[in-house]
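Dropping the structure in here first, questions after.
Note that the chains take the letters A, B and C in the order they are written out, and that residue 1 is the start of every chain.
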Amino acid sequence: MQFTLFFQQLVNGLAIGSVYAIFALGYTLIFSILGIINFAHGAVFTLGAYFTYTLIGAKFGFNGLLAQSQLPFGLPFPLAVLGGAALAGLVGVIIERLAFRPLRARGADPLLTLVSSLGVAVALVNFIQYLVGAEAYSYPSSAFGGLPPSVNFGTPESPLIVRTVQIIIFVVSMLILVVLTYLINSTRTGKALRAVAEDATTSSLLGINTDRLIWITFFLSGFVGGIAGTLVGLSVTITGPYFGIAFGLKGLAVIVLGGLGSIPGAVLGGLVIGVAESLVPASAIGYKEAVAFAILFVILLVRPQGLLGRTLIQKV
Amino acid sequence: MAEFITTYGFLIVSMVFAAMLALSLYLPLMTGQLSLASPGFYALGGYIAAVMSTKVFPPTPQGEIFPLVYLLIEMLVAAVASALLAVLIGIPALRLRGIYLALATIAFVEVVRVLSLNLEITGKAIGIFGIPQPFLNKFEYMWIAAPMLILSTWFVYRLERSRVGRAFAALREDELAATAMGVNPTYNKVLSFTMGAVLAGVVGAVSAHFLNTWNARQGTFDAAILYLAFVIIGGSRTYLGPVLGGLLLTALPEVLRALAGVEFLPAFVAQFLVDGRLIIYGLLIALATIFFPQGLITPTMLKRLARRGT
Amino acid sequence: MQTILKIDRLTRAFGGLVAVDQVSFEVQEGEIFGLIGPNGAGKTTLFNLITGLTPPTSGKQFFLGEDLTAARPHIIATKGIARTFQNIRLFGNLSALENVMVAQHVHTRSGVLSGVLGTPTARREQQQSRDYAMELLRLVHLDDRAEAQARNFSYGDQRRLEIARALALRPKLLLLDEPGAGMNSNEKAGLSQFIRDIRAQFNLTVVLIEHHVPLVMGLCDRIAVLNFGQLIALGVPSAVQNDPAVVEAYLGE
């Protein structure tokens, strides 16, 4: 009895942890190549969810410029997810062009980029609110097609219920991890990306087109973020324009835990934090939100390079 | 004038608080530490004032205002508590640099927030409300806010020109070379971090009265980033930068709203200035970093002005 | 003569690379002591060990008889060891004057409050500190540009400013890391005289790293030669110059 309860919590933890993981992958991709954190990633994540909502042809609420409007057509859900992700990726590229590249061209302080990406995040979030209002949106239940909403892996007496959404989220995030790892380790572009991450100046001297690689990275980051946004929207509804911000903060804890710039680290960090949160006993449930940050604080003091990160040696 | 004060009194005092909070972030930055811990200490100071004024001090009789001396005692307690906590956190955390320190301080802010959401004494999710008013209206808070801002700005101005301030600047410029010249990095970093914490805590104590209610939404990560924007956009290399950044950026959304009232503006532009003012705000922050990478005020600019003045 | 610095089997390894390997020597008070060796011989690492910027893997160091092996850099500076850096590390955004004043930190007292309030003591101290800094800037001929930002100085001026900054610490032992880098032979001759002058004026002991062999030979009382982290020769210039191990280290391969 106790045992299935534990398993139930573990499954819940893995499901939410894999969302943290794909969210954090978006940060990690950009950090590994530019060494900066893109604070607008939470907004891109939110946009992905809204794009998908638009593409399935659903109707908007009563507020905002687009009140009561909808597309004249509706895409099937899986296609809409991909379309939404692609659009989110595109927004990522635009953000790079507007907020990152001008600063990079000048060799500006990374702090400036942080503030600039924050400005973009504020603008995007409020733009969403301007267009479609602050209300929550949820995808129609028909999104899964004919799949049941949940499956019981236990017995009727001691249930172990896994929601279909949780399974989808877990599978999709592992799939994204595998595809990204393949892209980075085995393709020409991936190798060039790693070269740029190692040393941008030398790479550009070697004839690698750094700007092109950087926008590809932003596209990938936005794409993955867009998928994550939709998946979370599917799981808990899109709670409004600020939907992605809470994840943005937890995503920071995840990438530090895993090791800044490490892709497997982001996934491991996400799963660890997700599971740790789900194991908080019901009596202390209010403190659940602090788990990620307590872990973050401790790991920074004990092992700042994270679980899978590399040590950096300071040169005198 | 009276109408201006009723309309903008709240905004003006908020601007002054923002300028001080930006200074509280600037203080640790003087030793080169990017700390985003200010909202945590701001929240702590606010809770101290809220708890003391509603639960410790005798209730203010109907029709009377909250005694100013109580407020000063609260500010003092907030300062001491913030200082103690800052030293406690600072000593282990300030070994970290750059983005790692920023993240550790964000973790601190979040832990404070979650604690205040769960503790009985901080009123859990509801917070503490009905905090008594030491002044008759919001604008009168300037009696305390303005001297605080002048004092803290003067303090930082003088600090930058003193022995300790030079040691701070040396640490910011090149920590290794500074230590080789005899500057104790840990001591000075903890000192600057603690001074920032005290300022944020004291502002929090006054702010709790000013806002009348205090809850977990007061010290958030978003606030931390906003203060950082004040400093970076105002100018992170002189004491005037954060002050100006805090004043201007806090006023900006309201200025945009007021601009909508200009007569000859087309209706759709006016409407956008009201509904979309936070979109413009965000874009302006992004643009400012691109067009004013040194911030609006730079030390060179100040020197040039000083020379023209003499 | 008294031993001012004693290095005892000092070793520092970075991963598999042993940058400084069981190096022992003593420096006598008042000496000008040269440290030479091919690139990568471990000279700068040795400076970093002496100043505490890099902790040693093993071995000990004593300064005026006191064990400073585990001391932190600012403590070592306080004890009286100052240095310059091979790749100049000035406080670029501070003025030349401020750069020199910072190094008087350990000889001044005023705290946050007295500094901010400008108490008479703090003001007097500030004035003394400024006067002394100006004196040092005059010594290196930079007094006319005291208010200019250090990063706007030419390479040679930056090197001299770094020496002035190191002197402001009132050291007993001054470590100069390639003070003559980038100078022509005329300037190097001037540098030799300058180093002798400051030794006399400030009662210094000087340890210097230098590549230019004639300068070292003419200036130093004794010379230590490092190669691949090991001490291969130690003695007066004429003896070191003819040491077969040294000749091989420089001309070998």
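Definition applied: a residue touches a chain if its C-beta (ideal position, glycine included) is under 8 Å from a C-beta of that chain, and two chains touch if they have at least 3 such contacts.
Please read all numbers here as calculations on a predicted model, not as lab measurements.
Trainee: From the centre of subunit A, which chain's CA centre is farthest?
Mentor: Comparing chain centres, C lies farthest from subunit A.
Trainee: Of the chains shown, whose Cα mean is nearest the mean of all protein Cα atoms?
Mentor: So the chain nearest the centre of the shown protein is B.
Trainee: Indicate the whole-number Å distance between the mean C-alpha point of subunit A and the mean C-alpha point of subunit B.
Mentor: Computed value for the inter-centroid distance: 31 Å.
Trainee: Taking the mean of the C-alpha atoms as each chain's centre, how many Å separate subunit A from subunit C?
Mentor: 51
Trainee: On a C-alpha centroid basis, what's the spacing between subunit B and subunit C, in Å?
Mentor: 42
Trainee: Using the touch rule from the top of the page, what residues of subunit C touch 2 or more other chains?
Mentor: Touching at least two other chains: 53.
Trainee: Enumerate the residues of subunit B that touch no fewer than two other chains.
Mentor: 176
Trainee: Would you give the residues of subunit A that are in contact with at least 2 other chains, written as numbers and ranges?
Mentor: 316
Trainee: Touching residues of subunit A toward subunit B in the complex: what are they?
Mentor: 37, 39, 98-99, 102-103, 106, 108-127, 129-130, 245, 249, 252-253, 256, 260, 286-287, 289-290, 292-294, 296-297, 300-301, 304, 316
Trainee: Tell me, which parts of subunit B touch subunit C in their complex?
Mentor: The contact residues of subunit B facing subunit C are 155, 158-159, 162-167, 169-170, 173-174, 176-185, 191, 195, 237, 299.
Trainee: Mind pulling up the subunit B residues that touch subunit A in the complex?
Mentor: Its residues touching subunit A are 34, 92-93, 95-96, 99-100, 103-104, 106-108, 110-111, 114-115, 117-118, 124, 176, 221-222, 225, 228-229, 232-233, 236, 275-276, 278-290, 293.
Trainee: Of all residues in subunit C, which touch subunit B in the complex?
Mentor: Residues of subunit C touching subunit B: 51, 53, 72-74, 77-78, 82-83, 85, 89-94, 98, 101-103, 105-106, 108, 110-112, 115-118, 122, 125-126, 129, 165-166, 169.
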